[in-house]
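The first chain written gets the first letter, and so on, giving A, B, C, D and E; residue counts start at 1 in each chain.
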Amino acid sequence: MLDLENVSVKYGNFTPVEDINIRVDKGEIVVLLGANGAGKSTTFRTISGLKKTSAGSVKLENEPIHDQTPDRIVNKGIVQCAEDRKLFPEMSVQENLMMGAYVHRKRKAKIKQTLREVYELFPILYEKRKNPAGSLSGGQQQMLAIGRALMSKPKLMLLDEPSIGLAPLIVDQMFESIQQINREGTTILLAEQNAHAALAIANKGYVYENGKIVVEGSSEELFANEKVRKAYIGA
Amino acid sequence: MILETKQLTKQFGGLFAVKDVDFTIEKGKINAIIGPNGAGKSTFFNLVSGLYRPTAGQVIFKGRDISSLSANKVAKLGVARTFQTTNLFEQASVFDNVVVGHRLRTKSTLFDSIFRTRRLKREEEQCKEKAIQVLQFVGLNHAVDQRVANISQEEKKRVAFALALATDPEIVFLDEPTAGINPDETAELSELIEKMAEKGLTICLIEHKMQMIMNLAEQIMVLNYGEKIAQGPPDEINRNEEVIKAYLGGSTSA
Amino acid sequence: ACSGEEAGGNGEAVVNIGYTGPLSGAAAYYGENTLNGLEMAVEEINDEGFEVNGTTYTINLETLDDQYLPNEAAANARRLVQEHNTPIIFTPHSGGVKALQVFNEQENFIIGAYTSEPAITETGNSLTVRIPPSYAGYVEPFTKYMMDRFGNKLAALPPVTQYGKDWAEGLIPHWEDQGGEVVHNASIDFSKDTDFFTLLTNAIENDPDVMLVGGPSEPTAKVVQQARDLGYEGGFMIMDQAKLDEMKKVIGGSYKPLEGSIGTMPLVNANYPGTEEFVKKYHEKYDEDPGSEAGFHYVSMYIFVEAMKAAGNTEDAKTIYENIQSGLDGLPEDKKVYVIPGIDENGGFEINTRVAAVEDGEIVPIKVE
Amino acid sequence: MTSIFKSRNIVIGLILLAILFPFITQNEYFLHVMTLAFIWMIAVYGLNLLAGYTGYLSLAHAGFFAIGAYAFGLLTVKAGLGFWSAFIIAPMITTAVGFLIGLIALRTKEHFFAIYTLCVGYIIYLLVDKWEGLTGGVRGLIGIPAPSNIGPVNLSTPLAQYYFVFAILLLVILVIYRLIHSLTGRTFIAIRNSEDLALSLGISTTKNKLLSFVLSTFFAGIAGTLYACFIRFIGPDIGNINITFDLLTYMIVGGIGTLSGPIVGTLLIVWLSQNLQFLQDYRMLIFGPLLTLMVIFSPGGISGLFSQWYAKRNLKKSAKFTKAEEQV
Amino acid sequence: MDVLLQQLFNGLTVGSVYSLVALGLTLVYGILHIPNFAHGALYMIGAYITYTMMSSLGFHYLISLFISIIVVGFISVLMERLVFHPLKDSTPIQHKVAAIGMLLFLESLAQLIWGADYQQMETPFAQVIDLFGVTVTMQRLIIVITAVVAMILLYLFLKRTYTGATIIAMAQNREGAHLVGINTNKVAMLTFFIAGVLAALGASLTSPINLVFPSMGHLVILKAFVIIIIGGMGSIPGAILGGYIIGFSESIGATYLSSNYSDIISFALLVIILTIKPQGIFSKGEA
């Protein structure tokens, strides 16, 4: 479904992502592991078109998208839930969610439906639907960000470290909801520090080390891999 | 007991972000605050460090009521803090970021600056030495002259620590110091935190990473919907029904 | 030092004359008008040049923009003296004049001051010529005419410029001496007031018989128009900067709304010896009617030339200054756009003013004794 | 540290040049323009201290310049004070007003502050313009005395005034230089970068912002005073917003938040506009876009460009001083 | 003629114009988070274009007005593309300075093209009507009505349509808007277009009762700033309300206080308000 082929990205003369290949098949959950600054977010920004590739190609269902503008890419069904959330702070929670459905703006009924689903997934958002997003706590904002991403009913959803700053209980719920979202047919690409929980739900994973992919394989293989255990599962 | 809150309360519109919290922090210990998202942890920090005025209740630091003091006065008394989202002086070098940290311990006035008085020279030295010293302490000797914009997430956290330390605090509040940091780095940071405690600093941190908290903290307070639902040593907290229900859920080992 | 030296080898010598005035900013239009007058005169004069004891001279006009700012004017003047060693520098605003008076005596140049500010000639500066007439000449006939025709309740609405203020302050005392009463006094700022209705409403509220208005023709006309809209039926005293004929154009081609206005005789209607020709030439050159600024600068340039001839000197400001009276006397009839019999001891030109009023939609001259 | 002040001998060179300038050009007009430029520089340094180093763009600067000038004018002309006493008191008055306005203005931030000061500046201008009883309104003030002699030294000649103003400029630069490279300066820069953090580091932002603001008005006051006794006639225009925009242009073109910026920018623009006289009314057709292009392509201004180039050439040192050159 | 009534009406007229200008300013502020000092220049250009259409090309007033608002709309868009877009992630001060640069440029450009003197604009609607003792010219009625209609339309657009909402969304987080599939460039241009249109509309409406000259934008823009601060930066209703507050306080102030200081009134008002409430009165009033 999504193919990154020999993708490199540059910030000036510095290359945070170098010659990486990633393949995501329909219906999968794929996880990107890696230390800070390894290049995960940059990869995501590149897929979403917020950052241009310096080499290689990004293909969605075999058509290149790396030269497309972010909004086009969203229209094609790839939505990202970014690391730093990128909410609309002065808009109410509900308005934020509504904006999430921008690409479906024509289909009011469908939007209502999705909104209901999101509120079921994160009841706290319903409680705070009238509050400005900026007044939410760190974690609540994280949920809102994911909720907003869901609103566009994406084919492929990019989640950049969704568990940052979440309470353990919520983290578990979060990963459950991710699975649930996936079951309902959304393919998921996930960047995580919390390798343990991530690999538990993922089909396969890629491990970054300063900008390059050093290990890849099914979650079982990665679990088994000593290096990965030490570095990212901390066991 | 170095810092204590009495019936501390913060209200935003209708919502009680923090409600009637009594909390005492033992000198030289590592204290932790945990709780579900939106429990009021950061707000609690903002109250203690003077960025927010309490709606009701008091913050008492070394027997003195500081609830009505402005943030900079509180800092002068020896209360330092880091932010959930590290905000540093991106354009400046790590060193220059940290030098100002000690400004509050200096007396130089405009007059001194203009006439380059002995006092100014002395105090500038003092600030620079301090900066070097704390940067070494947090293990950033190698990055002293780099621009903050160019260093990694984890190094930024360390700079934030260094800044807090440069103010010669007696107590340091750390808001999710290891959020978005991978396990082995997390381990390194917790070592650093222990090292700070050994130096006689009192620590109070917010964290969600239970493993880390359990190894690190000597006392834990649990907030939920702004209210304190439990307080005590890790093992106790681990067993506390209410806490498990509200916060830990099934997997204690996330 | 260019003055007197051989220029372009065609056997003619050149006198540099300086000008610093507002050629940018809000007052640029005014500045350009003053300059037009000078340039026209210079062109004519240079046709055959003028002779000062033996040598034939032409004039080279050096112009600099000062954005109406005193400090710029001062800088420009220093530059003109330094680089072109100009014996005469024209400047059309009192700020500039005052800034120049700080050093014009040391630097030895004449200020051709186009401002009616009395102060500048009262400071006893020995090298300042005040070109325009003081409004004193208008005050008396205006007052008399208006009181006879409309009554003695005056609403003064001068523009906030120094010019406007001086005018009002010149007129109001006389008006009151003649048993008149000032029922409203507020100034209009054309560049700031977003709506004249507000001001006029207040003025008319005190139902005046006469209004004192002024400034450039367009805005003045606007004020007159809106006063009429608001149902005002009295007369208008129009300060000399605005020209009845220009106002007529703005208002829509008829003198009707201006019925019962008194103002300076439009240069086009004035019948001084040199006027008609001047207006004609000016029209050809800039295809618009000249205002008094242009007229006065035109004639003053000639006067200074005559003065140089009489002085037999093109360099020493003092000598030239001493000969201005003879310059006035020597002024050829056909150049008399205005008739200026003399210059007073303070250096102000003495000009007999011409006044006109609108009666039954016609411009009629008003006798001034 | 700015590259100009980096190497002592360049500085000394420049100072010598300035001292010899009158003898190089035997031209009173150049002297006049240069003296004015020095006066503007002093004002620009004030603006730069606040906008460049503390991060608060004040658009009331011309207002304070005018207050300085009028204070001096009124003290000498109307109150009949002696030159030197007026010369001391006028900047004081400006500073006092600055203090009061700062108290209120600094309750606002960023754009609010900019607009608030814009309006304050405009009010000052309107007051000067309309309050005829005091300021003489549009007529302005005449008869301001030239600097009276200091002992044998006669200050009434253009040459003497040139050196007089230059001396004061040097003093101002020295003060600013020391300020910026002292703890006070670091404090200002800290505030510029993040007020919340500064607060939590125990820095009283209110106090320091006020200090910076008051200082900037003080320099504006000095500049105004010098202007008054140099031109010896003042009208309301000197309080006009356009003057603020000019000063802003000097600062931006030269390099905001740099020490050499005000000098470079002012010299460049002042001399350009003297030589662009042939363009007369249309200077702004050039300076307007110049201003815009500058902030787009070289926010650090000319000094910024220079120091970048310098930094490239000399990477080792760069880390040390780019930060001072760093634009806001 | 009842003064109070008359002055209230005068205030209404001026207020309408202020509101229009302030609206554009506040919209752009929302998007850019910078006060667009060049907005006043757009206002001035708008007046001149209408003027030229009428005087040189002899078009009807309304046609000229229409052309003017379109042209200025595009000039405004151009400004976004060339100046503010390249600056989108730089500091507030840079934005302000860039805007000031544009202001200075456009003004001297206008002077180059149209000269520095006062121009005056004809209007086919000069008829004087007398509504119960209040003197009303047709033109003034048109000003008030057009302004009100324009505002209502704009408000509906922003509140009721998704496209409108995108403007507000983008104002709050550019990248966030990207991520939900909004084409932020389009939105930015749209906003600037609207702002330009409003400025030109205001100017073209008011010119016939006033004068046209290069610096005509200065005071209006200053007051527009006062207005959007009073109304809360970025707040639509705030801008409208603020506009009328200033309009009335000026005409009333000129009557019962002093007409010489009437300009100061609005600024004094602002200083007082910010002194009491540094964030503006309706600062919460996000549209």
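Before moving on, here are some points about what is shown:
Keep in mind that, in the parts below, a residue touches a chain if its C-beta (ideal position, glycine included) is under 8 Å from a C-beta of that chain, and two chains touch if they have at least 3 such contacts.
The UniProt protein names, listed by chain, are A, B = ABC transporter ATP-binding protein; D, E = Branched-chain amino acid ABC transporter permease.
In this text, all values refer to a predicted model and were calculated from it rather than measured experimentally.
The chains that touch subunit A as well as subunit D are B, E. Annotation: D-E is the more contact-rich of the chain pairs C-D and D-E, by number of C-beta pairs in contact.
Distance from subunit E peaks, on a Cα-centroid basis, for B. Centres computed as Cα averages put subunit A at a distance of 76 Å from subunit C. Each chain gets one centre point, the mean of its Cα atoms, and the points for subunit B and subunit E are 48 Å apart. Mean C-alpha position of subunit A lies 30 Å from that of subunit B.
Each of the following residues of subunit E touches two or more other chains: 108, 111, 116, 218, 260, 263. Along subunit B, no residue makes contact with two or more other chains. Looking at subunit A, no residue sits in touch with two or more other chains. Shown are all chain pairs that touch, namely A-B, A-E, B-D, C-D, C-E, D-E. Of all residues in subunit D, only 27-30, 32-33, 36, 129-130, 132, 137-140, 142-143, 227, 231-235, 237-238, 274, 277, 280-284 touch subunit C in the complex they form. Taken in their complex, subunit B has these residues touching subunit D: 49, 51, 70-73, 75-76, 80-81, 83, 87-93, 96, 99-101, 103-104, 106, 108-110, 112-116, 120, 123-124, 127, 145-147, 163, 166-167. For subunit E in complex with subunit D, the residues that touch the partner chain are 29, 33-35, 83, 86-87, 90-94, 96-98, 100-109, 111-112, 116, 218, 222, 225-226, 229, 233, 260-261, 263-264, 267-268, 270-271, 274-275, 278-280. Within the complex formed with subunit A, the subunit E residues making contact are 162, 165-166, 168-169, 172-173, 175-184, 286.
On subunit D, the positions that touch subunit B within their shared complex are 175, 178-179, 182-187, 189-190, 193-194, 196-205, 211, 215, 319-320, 323, 326.
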